[in-house]
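Below are structures written as structure tokens.
The two complexes that follow have chain A in common; it is paired with chain B in the first and with chain C in the second.
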Partner chain A sequence: MLLPALALLVAFTHYPAVATFIDSFMSTPKGNRPSTFVGLENYRIMVEDPIFWQSFRNNLWFALATIPLSVGLALAMALWVNARLSGQAFLRMAYFTPTVLPMIAVANIWLFFYTPTYGLLEQIGGMFGFPSHNWLGDKSTALGAITMVAIWKEAGFFMIFYLAALQGINPSLREAAAIEGAGRWFFFRRVLWPLLMPTTIFVLVNAVINAFRMVDHVVVMTRGGPDNATSLLLFHLYEVGFRYWDTGYAAAITVVLLVVLASVALAQFFLMDRKAHY
Partner chain B sequence: MHAEAPTYRVPLWIRSLDHIGAWLLALIWILPLVYAVWTALHPQEFSAKFVLTAPLTLENFANAWKAAPFARYFLNTTLLVTLILGSQLVLCTLAAYAFARYEFRGKNILFSLVLIQLMIMPDILLVENYKTMSQLGLIDTLFGIGLPYFASAFAIFLLRQTFKQIPNELVEAAVMEGASTLQILWRVFVPLAKPVYIAFALVSVSYHWNNFLWPLVVTNSVNSRPLTVGLQVFASTDQGIDWSIITAATLLTAAPLLIAFLLFQRQFVQSFMRAGIK
Partner chain C sequence: MSAIEFKGVSRRWGDVTALHPSDLRVEPGTFAVLLGPSGCGKSTTLRLIAGLDSPSEGAIFINDRDVTTAPPVARDVAMVFQNYALFPHLTVADNILFGLQVRKTPRAVQQERLQHVLSVVGLEQLAARKPSQLSGGQQQRVALARAIVAQKTVCLMDEPLSNLDAKLRQEMRAELRDLQQKLKLTVVYVTHDQTEAMSMADQVILMNQGRIEQAATPREMYAAPQTTFAAKFIGTPSMSLLDVNNPALASSAAVAARPSNAATLGVRPEDVSISREPSRGTSAVSATVASVEYLGADSILRCNVGDALLHARVLGQARWDANTPVFVDWPASANHWFDANGQRVIV
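Let's look at the complex of A and B:
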């Protein structure tokens, strides 16, 4: 019963992970020259590749911006939806809708949104007298622009988990706090926040993984440009692997990504053990 | 929903502040989408001009539909999503049943091996998986796009969890009646796990409907391209094309999921919740 599922898992998860590691020490086969052992050559190429480092920096920046902002917004959204404000159904719909759209569609919509002189952002800016700006074409704003897209897409998804957790919290806690005269902020900081900790960790782990996995919008909106300003690790991997067909070097980049993901897994393991209150 | 029990007296101005904040965020969140719908529904000259009297038209959708083989793309995506979901349900049910109900040597190790896929998704390993697919001759086939996802660690995990909670008495009763293992699975376990199946199906369908990078890599013709890749090819090759048509195509791509979501909001939100809470 286990066999079919396990065989497929091994074939497409474990085997490629191990093969990637081995291939990262091998040269890229070219024509009739088979691949040979080259030691750390691929890693040397990587260390000397400025685009790799730029993608690495961009990815860190992207992660450090998307993670806290999308998780923070998700929490605010969940608290608001849970607070039974008027129009609750509309609020939930508005927050969650980006989640069900394909990233490709989202990227196209935002591409249009950002279009110079023509897009909505420009028009709103124009009304307030701001000069026209090419958000995606300018090196200094392009990464910020695609980060915004990722936050827009993700926050509603994370909101769901906070919402589920909030609905699972015993209402008598809130009553008790009210009777004790605890303020709203105090109640959030001392009661809700600790109770939400497992959810926060779960959401954080997902946010970190996504920060290293989301590239669809880069492919559509900027193709890594201008001047590699929006190239992320997985995008660089895709370019090296499938535009330059340098599979040896691509394997080395994959190993870096695997190390990142494995550290997230380990961190989660230890965090879950120590920090979570159940 | 419980009645509002004694809660702290939130001053009216704070309550209003909550309303303003929540609504402002919701409007900002929905704005890009509303803008896209506006553009798609109006003739090109109104695509960025907001006049209430602008004539409505469906022509952009018709033009987009004619401009690229979207009918074929729709068929491909539908087949692909069905194929993946079908295989996942069968394979993962069997594996989950084995993990939940049988004791065998190395069970825990095998289960941890399964869980690795939760961290290392096939997306990251695309270079190696591409090699495997070309060795198997599956490049540019729907089967090739779907194969790495047939065994889902996530499904195995969710189903195992559910199967474990099913009381043993039910199984014993079925055995007394002379039911075979497969009959027990089909008659007892599967019906009881129905909500989990629905939750997983929604998550899986939206994931694979929206998936992009891997299909982009393994396909190279109209015959196997799913919608997301088709949309990208359409939007990036026809440079001179106007935004009204691209936006219409974008909305077409997202429409089935979007409409399903708007109709079954509750089920969607609950499914995503159920899938996230472990």
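Let's look at the complex of A and C:
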């Protein structure tokens, strides 16, 4: 009974994972030279690769900015649209739109926003007399610009989870708190936030994974440039693996990426689960 | 002085009227029950008192203070919700102390009051549990403890016993009543269960379709229902209502001597006597036993009088069979007369 599912799982998940792990200890096969065992050679290359470290740093900053901002924004938007107000359905849909739109299209729209001289940001800035700025072309602002796009996209997606959780909370809890005189902030801190904790854990794990999985915006908007300023780990991995065809080294980066993600996710679950009420 | 007073209070949502302009008084230290079928406006009335909803018109007074626009916290009320509204992530102790923590009551005072209410509701051993680890009855006690720890003068209860099983409900009824007496609370209690209302209340406020039908003590309500609705709602089985023009009643002396504007005659089942032979007087009405409901101590007979139905309560030992022709009679003092609009006719 389990066989079909198991076959698919093995073929597309387990086998590639194991194969990647093995490949990371092998040299990249060339036309007349098969792959050989090279031990930790690929990992040594990685440690000495300045672009790897640059991507790693970029990715850390990217994660540090996108995760708290998108989750915070998601929670704020969910609390807002959860309240009974007119045009609620429209608002909810508006927030969720970024998640529905294809990433490539989204990236192109933002590309237009950021375009120098005639882009949207430039036109608005120009009205107030700000000097022209090449947001994606400047090393100091390119990563920030990409981060903004990610926050915009993620926040709407996470909002849906928070909204679902908020809708599941018994409305008489709010009334009971109101009778006792609890203000909005007290109610949020003492009741809503603890009850939303399971959602927060789930959202945070997803946010971390998404932050390290980001590649499509980078490909469309900057191709990692200028001067690797927006190169993220997965983009670097893609470059190494499919542009330079250095599969052994790419496998090594993949292993590192997986280990980092798995340990962060596990740590989140185990550390925060103890404080969560289900 | 009154604990709660409504002056022409109504509540409307667009075209829907949940409460027509109503006046209402609840005396301090009394147990008032808002009784009525679902959708009659009793919960709306309770929420208006609590301040969870605000009236479309009229003024609400609590302890002689106008609180029409005051938020719930400024009304000196506590509330027990139908689903208890316990905070699922907080312990019993934290649930009870929630309000005191909001008001930043000193810790020593909090602990003292906590111990006191825990002993009042008998939950001393369970203070560290979460609500999910408690039975329904225990959760109910926690909700009660949370309401009384605040030491408010008015306690509102929205069908607090409806989620409990029948036996527990009966126990809790007596307990609630004792607690109300001991703490001298003013309680406003919402229920659709007339037995609950009759057994607990000092004052029953019967509601129907957004109007207060009658507000009276349980005894008054039972002895002299002011409308046919009140007559039908109170009592198990309720008062039988017969059209005075029913030809089968023609032989009845009571009907012959009816007030001129009476359209309906009401008789309580326990006032009806039943016999196989016509009794000495001429007022007996002939009827047929349609069915018998045996309850042990007594039986309820459903009798056909013409095309109308009359309930009679008889001793349980007496054997009556369906389709038996019988004669029913009742004393003149048992007559309740209602006019064509369903209002009681005062004789």
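What we mean here is this: the second predicted complex is superposed on the first by the 272 of 278 C-alpha atoms of A that agree within 3 Å, B and C clash if a C-alpha of one lies under 4 Å from a C-alpha of the other, contacts with A are read in each partner's own complex, and residues count from 1 in each chain.
Throughout what follows, a contact is a pair of C-beta atoms (placed from the backbone, for glycine too) under 8 Å apart; a residue touches a chain by one contact, two chains touch by 3 or more.
Just so you know, these numbers come straight off a predicted model, no measurement behind them.
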Contacts of A:T247 with chain B and chain C, given as first, second, both or neither: first
Partner chain in contact with A:I160 - chain B first, chain C second, else both or neither: first
Chain B versus chain C as contact partner of A:P98, first or second or both or neither: first
First (chain B), second (chain C), both or neither touched by A:L8: first
Chain B versus chain C, judged by how many residues of chain A each one touches: B
Partner chain in contact with A:V47 - chain B first, chain C second, else both or neither: neither
Contacts of A:R213 with chain B and chain C, given as first, second, both or neither: first
First, second, both or neither for A:N170, with chain B first and chain C second: second
Partner chain(s) touched by A:L64 [first = chain B, second = chain C, both, neither]: neither
Which superposed partner A:V259 touches (first chain B, second chain C, both, neither): neither
Overlap of the chain B and chain C footprints on chain A, listed as residue numbers: 172, 175, 177-179, 181-183
Residues of chain B defined as touching chain A within the complex: 2, 4-8, 10, 14, 18-19, 21-23, 25-27, 29-33, 35-36, 39, 48, 91-92, 94-95, 97-99, 110, 113-114, 116-117, 119-132, 147-148, 150-151, 153, 156, 206, 209-210, 212-213, 216-217, 227-228, 231-232, 235-236, 243, 246-247, 250-251, 253-254, 257-258, 261-262, 265, 268-269, 272-273, 276-278
Of chain C, residues touching chain A in the complex: 50-52, 71-73, 77-79, 81-83, 85, 87-90, 98-99, 101-103, 130, 146, 150
Residues of chain A that touch chain B when the two form their complex: 1-2, 4-17, 19-20, 23, 73, 76-77, 80-81, 83-87, 89-105, 108-110, 112-113, 115, 118-120, 123, 152, 156-157, 160-161, 163-164, 171-172, 174-175, 177-179, 181-184, 187, 202, 209, 213, 215-216, 219-220, 234, 237-238, 241-242, 247, 250-251, 254, 257-258, 261-262, 264-265
Chain A - residues contacting chain C, complex: 170, 172-173, 175-183, 186, 190-191, 194-195, 277
